[in-house]
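Shared between the two complexes below is chain A, which has chain B as its partner in the first and chain C in the second.
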Partner chain A sequence: MNKIMSDKKIIALYTLPALILLLVLIYVPIVLTGYYGLMEWDGIGPMTFIGLDNYKTLISDSLFWNSAYHSLLLAIFSVLSLIIYLAISLVLASQIKGADVFRKIYLIPMLLSSVAIAQLWMRIYHPSNGVMNRFLTSIGIENPPLWLSDTSLVLFAIFVPILWQYAGFYIIIYYAALRNIPNELVEAARIDGATPFQIAYKIKLPLVSGIIKVTIVLAVIGSLKYFDLIYVMTDGGPNGASEVMASYMYKLAFRTNDFGYGSAIGFFLLLLILLVTYFIRKLTTSREDNVQY
Partner chain B sequence: MKEKLSETSDLHASSAKKLPPSPKVAQSSLKHRLSHSVLYLILIIVGVVQLLPLVWLFLFSLKDNQEVFNLPPLALPSSPKWENYLNVWTEGTIGVYFLNSVIVTGAAVILTVLLASFVTFAITRMHWKLNKFVLGLFMVGLMIPVHSTLIPLFSFYLNIGLMDHPLAIILTYTAFNLPLTIMILLGFYYTLPRELEEAAIMDGCTVHRMFFQIILPMTAPVVATTAIINMIYNWNEFVFVNTFISSDKYKTLTVGIQNFIGQYSTDWGAIGATLVISILPILIVFVLLSNRIVEGITSGSVKG
Partner chain C sequence: MKKKPLTSLALVLTSLGVLSACGSTNDTDSEVNLNHSDGTREDVTIEFMHLWPQGSSADHNRIVNQIIDEFESMHPHVTIELEVLENEQYKNKLQVISSSNQLPDVGMTWPAGFLEPYVNGELFAPLDTILDDGLRDEFVAGTVEAYEIDGNTYALPLELNIAPVFYNKAIFEENDVDVPETYDDFLNVIDRLVDNGVTPIALGNRDRWTGSLWYMYLADRIGGSDALNSAIDRSGEFTDERLIDAADKIQEMVAHDAFVAGYNGLSDQEAKSEFMNNNAAMYLIGSWDLPNFTTNEEVPQDFRENVGFFKFPEVKGGDGDINSWVGGAGVGLFVAENSDVKEEAKEFVSYFIREWGKHSVEDAGVIPGTQVNTDEVDLPDLFIDVLDELNNASNITLFADVQMSASVAETHLNMIQSLFGNDVTPEEFTEAHEQALSDED
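What follows is the complex of A and B.
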C-alpha cells in the first residue's frame, strides 16, 4: 500500500508538468524582473548592466511617485469601501428572506470583464449623452462635471465602477463568515437586551475579524496592481491624474521600450505587495487566537 | 463550505423553535417589522444600483443614436433594433474573437483543472517528503502580481517564437490559475476517506486507474466549481492577450472589442450590442450555475 502510494516516478509524473509551468512562467520571470531591473535595455537590443541606476531614477521620478500616490489612494478607498460591504452583509445575514437572491444579484458585475465595465462606465460618464450628466442636467445642474477629463475628479470617477464591480465579491465573503456565527450567541445577547447595533459591533464583528483582515489584504493588493479598468477608461490621463503603478510600468515597457526601468518598477511592485501581505498577515495571526466561538 | 452554511441555517431554525419569545421582542414586534422593511429597502436599493448600469446597457444596445440621445435613458426604444446585434456580428471580426475566447478559455480550463487535480492528488494522497514544500511554492504563487512577470514573459515568448500565438496565452493562464485551483481542490481532497485507496490497491488497482476512475469522478463537484471560476477569469482576461497577441485572427473578445468599439466610436447601439455579446456567455453560465460560482468564490478567498 505505502509502497505504491509513495512511488517516486508517479509523484514526479503528477507534479512536474504543473511545477514546470509554475517555475518557468511565474518564478523564473520574477527573478528575471529583478535582473532586468539592473539593466539598461530596450527589449530587443543588447543589455547594459547599470547596477542600481534604475532604482535611483525611480526614487527621483516624480511621475512614478505620482502613480504610487494614486495606487495608495485607491488602496485607501478600497479598504474604506469594505465598511460599506460589511454593513450590507450584516443586513443581508440578519435572517432576511431572499438573502440568497440578493447576494447573487450583487455578484453580477464582478463576473464581467474590466474592459466591458470600463466601456460601459465611459458611457455612463459621457459628458453630454451619459446617464450621469443627463440626470444631473434634468435636476437643474447646468454645468455638470466632465468626470473622466477632470483631473481632480477622475480618480473618484474611476473608483465608483471599482466599488460597483467588487461589491458582490466582498459581500459574499462576509456573508458566509457572518452566517457561520452560532445563533445562540446572538440570541443570548438579544435576550440580555442588546440592540442590533450592539450585537453587530460587539459580537458579530469581533467574530469575523479574521475574515475582515483577509479582505483588507485582498483589497490592498488588488488596488496596488490595479490596471485593466484604468488602462481602458483613461489610460492614466488626463495629464497623469489617474496613472497607477501598473499602468506606469506598462507604458514604460511597452510604449517607450524602456524595459530595464519598467522591470525595476515591476520588481518594486512585487516587493511592495509581498511586504504589505506579510505585515497585514502578521497583524491577522496575532489577534486571531483571541477569537473563539 | 456549503455543508457548513446549511448547518448554521439549521441551527437558526432549531434555536428559534426552542427559545421562548422574550417579552421584549414581543413588545417591539411592530418596531421590528418596521426596521425589517427598512433593511429590505436598503438591500433592494443596492440591488438596483448593481443592475441598473447593465439594464441601461441592454436598452441602448437596442436603440439607434437618435433614440439614445433623445429618449430618457431608461425608456424603451420605439421598436427594438435587434439588427444592431446582427450588424456587429456580421460586419466585424467579433465572431472570430468570440471563437478565440472559447478556444483559449476552454483549453486553459481543461489543462488547469487536470494539472491541478494531478498535483493536489499527489500532495494530499501520496507519501513523499517535499509535498509541503511544493504546496508552499504553489500557494506563494497566489500573491505574485501579473505585472511583475509581464516583461520577462514577453521576451521569453518572443525568443521561443510563441509571441502572437494562442499557446502563449493558454500556458500563461494555466500557470497563473494553478495556485487558486489547487487551493480550492485541496479542501475537498482532504475529506476523501483513506479507505478508498486502500481498498482499490487491495484489488490490484494502479495509481493511474485509481486517479482517473475513482478520485477524479469523486471530485467532480469541486472540479466543476474550479472550472467555472477558471472560465470566468480566462474569459475576462485582458493584460496577457493585449501584450502577447497582436494579430486580429488570434485576439480574444476582451481585447477584440476594444478595437472594435474604436471603429464604432459614435454608434452607441453597435457598441452596446458588442458589449452585450461579450458578457452574455458569462451571464448565461451565471444564471445556470450561480451556486457553484458563489461556492467557488467563498472557498477560494476565505481559505486564502
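What follows is the complex of A and C.
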C-alpha cells in the first residue's frame, strides 16, 4: 500500500476527481461570476459589456449597504456568541456529570436542515398562535411583539435561530480542543494554587487560541454569506428590514433578472470575505505573539 | 404568481442535483414508439417541459399525460419526450437552458413581465398562426393579450384566475354583518368584527403580491381600470391623485385593524390557514384556491360549506365598475423559436389547449384560458358562480407585479409591504413607483 501511495501518478489519479469537481463547481463559476459582473445581462438575452458600471451602482446603492450593515451586525453577534459557547464548553469539559448528554443536546440543531429550523421558528414567532406570543399573553402582556413583521425587531428575532443553529457546532469544536489539553498542565496549576477561573483563563484559553481564531474566521465568513434561514423566514422583509448581502444578491439576480448586477454583488461579496479573512488572520496572529505561556 | 413559497428553498437547494438526473427517463418510451410508427413520415420527437409533477399536482399531471397519449396515438410518427419539474426549479432551469439556447420544443411560461426577456432574446416563436385557425375565439376575451408583445402572441394560456373576496358565512352570521357593497359598508363590517374580537381579514403580506391585490382593487374602484394600467404603460403617471387615494385607503384599513396581526411577516400559506381554521372572516385570493373551498376532501366539510365570495366593494364617487376584476392568465404554452420540429410542436400546442380546456376545470379545478360552458360541467356551486362572474366580467386587470417588468415589480412589491407597514406615506408610495417606472424608459 505504501508503495502505491508513493507513486506520483497514482497520487495524481486519486486527487484528480476532487480537483476536477472543485474546478468545475467552484473556481470556474467564480471566474464566470466576475466576468458577468462586468456585463449588463438579464440572464436570458445577449450581454453588453459595461465595464465597472455595476460596481459604481453598487457603491451608491443604499439598499445594498443596508443589507451589508445587517450582515455586519450578524457577524458581530456571531463572534460575541462564541464567548458563550466557549464558556459552556469550559463547563462541559471540566468533567461534570452528564457532559456527554448535554453535548449531544447542543448538537441537535446542527442536525436539522435549515428549512426545518426556519419552519420551526416561524411557528414559535407566529403572531397569534406562536409559542412565544402565547406565553407572553398568558403572563398578561396584551400586545406581544409581532416578531417577524416589526421592522425594528425582525432582524434580531431572526438572529436568534441563526445563532442557535450553529451553537452546537462551535461547542463541539471547543469541547474537543479543551479535552485535548494535557491533564498534567491543569494538575500542575492546581497544585500551585490556581483557582478554576485562573486555570480556565491562563492555561486553557491560551492553549486553544488557535482553535478560537479558526472559529472566529468561520463565524465571520458564515455570517457575511448567510442566506438560508432569512430567505425562508422573511425573504428579507418586511421592507428590507432583514435583508442581508446574499439575499439581496439572490433577489437581484433571480427576481429582477439583473444577472449582471447580481453577479457583481456576488463577486464583491467574495472579495469582501477574502479581505476580512485576511485582516482577522493578521490581527489574531500579532496577538498570539504576545501571549505568554 | 408563486403559490408555494414555503417549499421553494428546498426546491432551489435540490435543483442542482435533480437537474442533472432529469431527461433520461423517457428514452425507453421513445424506442417503443418508434416501432408503432407507420414509416411513411419521418419520426420526430417533441421535447415538452412542464411544471406539474405527479407528486404535488397529481390531477394536472394525469390530464397532461392523457392528452399526450391521445396526441401520440393520433400522430404515430410523433413522440413526446417529457421533462417535469417543480415550479421554482422549473423557473430556474428555464433561465439556465435559455442562456445556452437549449429550450425544449414546447414548454410553459408566465405572461407579460416574465415573458419579455425571452421574447427580446428571440427565443419563443410567435403563435398567431395557430390562433388564426379559429382558436382565438375560444379564449376568454383579454387572456391571450397578456402574452402579446408588439402585436405577436408568444404563448397560449392554460390558466385564468380572478381574485374574489372569500368570506366565512358562519362568522358573518354570528356577528350579524352583511356582505358589503360599498367601501364604507366594508369599513363598518371591519369595525363590527374587530369590536367582537374577530380578525376581519387574513393577509399574508410577506409574499407581497397578496397585499398588491388589495391595492389594485382600491385603485380600480377609485380610478377605474385605466388609472393603474395607464400609469404602468406610461400613458399616465403614477402620482395620479386617484392612485394616491387608493394608497391612503389601504392605510385607513390598516388603521381600522382590518388585517390579521403580524400580516407583514406572515406568508400567504399561513394567512390561508388562518382563514381555513375559521380564525379570520375574509380572505382575498385568486380563484386557484377554489378547490380548497369546494372539492378538496382534506379540508373539513363544514368549513367548505361556509365559504362564499363577494365582489370587491365599490368606492363612493369612484369610477370603478364592480364587475371589474383583478386577475389574469397564469402559465401558458410556448414553442421554442429554434425548435427543429416547429410545425409539429405548434400542432401539439393547439391540440393541447383545446383538450386542456375540456378537462381542466372538472378534473383538476383549474380554470382554463378557454371559455367553459358552465351548463355542461359538473362542479360545486361556488365554482360555477365564480365561472359565471368570469364570463360576465367587464374587465380583468392583470396582476400588477406580472404586468410590470421584473425590476419595477420588485419596487412595487417592496413599496406594498412598506405601505401596509406604515413605513411610507401614500405620496412616497406613488412617487417611488413613478421613479421606478420612469427609470425604466
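Heads up, the rule we're going with is that the second predicted complex is superposed on the first by the 263 of 293 C-alpha atoms of A that agree within 3 Å, B and C clash if a C-alpha of one lies under 4 Å from a C-alpha of the other, contacts with A are read in each partner's own complex, and residues count from 1 in each chain.
Basically, contacts are C-beta pairs under 8 Å (C-beta built on N, C-alpha and C of every residue); 3 or more make two chains touch, one makes a residue touch a chain.
Please read all numbers here as calculations on a predicted model, not as lab measurements.
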> Since both structures carry chain A, what do chain B and chain C do when superposed there: clash or fit?
Replying inline: clash
>> Contacts for A:F254 in the overlay, against chain B (first) and chain C (second): which applies, first, second, both or neither?
In response: both
> Of the partners chain B and chain C, which touch A:V232 in the superposed model: first, second, both, neither?
Replying inline: both
>> A:P127 in the overlay: touching chain B, chain C, both, or neither? Say first, second, both or neither.
In response: second
>> Is A:I105 touching anything from chain B or chain C once the two structures are fitted on A? First, second, both or neither.
In response: first
> Now for A:L146: first (chain B), second (chain C), both, or neither, which partner does it touch?
Replying inline: second
> So, A:G43: does it touch chain B (first), chain C (second), both, or neither?
Replying inline: both
>> Quick one: is A:G266 in contact with chain B, with chain C, with both, or with neither? Answer first, second, both or neither.
In response: first
> Looking at chain A, which partner touches more of its residues: chain C or chain B?
Replying inline: B
> Out of 73-81, 235-243, 271-279 or 289-297, where does chain B run into chain C after the fit?
Replying inline: 235-243
>> Can you give me the overlap between the chain B contact set and the chain C contact set on chain A?
In response: 43, 114-115, 119, 228, 231-232, 254
> Quick one: in the complex, what on chain A touches chain C?
Replying inline: 42-46, 114-115, 118-119, 122, 125-128, 146-151, 154, 228, 231-232, 234-235, 237-240, 251, 254-258
> Inside the complex, what are the residues of chain A that reach chain B?
Replying inline: 1-2, 4-8, 10-11, 13-15, 17-19, 21-22, 24-30, 32-33, 36, 43, 88, 91-92, 94-96, 102-109, 111-116, 119-121, 123-124, 129, 131, 134-135, 164, 167-169, 172-173, 176-177, 179-184, 187, 190-191, 193, 196, 211, 214-215, 218, 221, 224-225, 227-228, 231-232, 246, 249-250, 253-254, 259, 262-263, 266-267, 269-270, 273-274, 277
> Any idea which chain C residues touch chain A in the complex?
Replying inline: 5-6, 9-10, 13, 92, 95, 98-99, 117-118, 120-121, 123, 205-208, 260-266, 270, 274, 279, 406-407, 409-410, 414, 417-418, 421, 423
> Which chain B residues qualify as touching chain A in the complex?
Replying inline: 1, 4-5, 8-9, 11-12, 15-16, 19, 22, 24-25, 35-36, 39-40, 42-43, 46-47, 49-51, 53-54, 56-57, 60, 68-69, 73, 115-116, 118-119, 121-123, 125-128, 134, 137-138, 141, 143-156, 171-172, 174-176, 178-179, 197-198, 201-202, 206-208, 211, 232, 235-239, 243, 253-255, 257-258, 261, 268, 271, 275, 278-279, 282-283, 286, 290, 293-294, 297-298, 301-302, 304
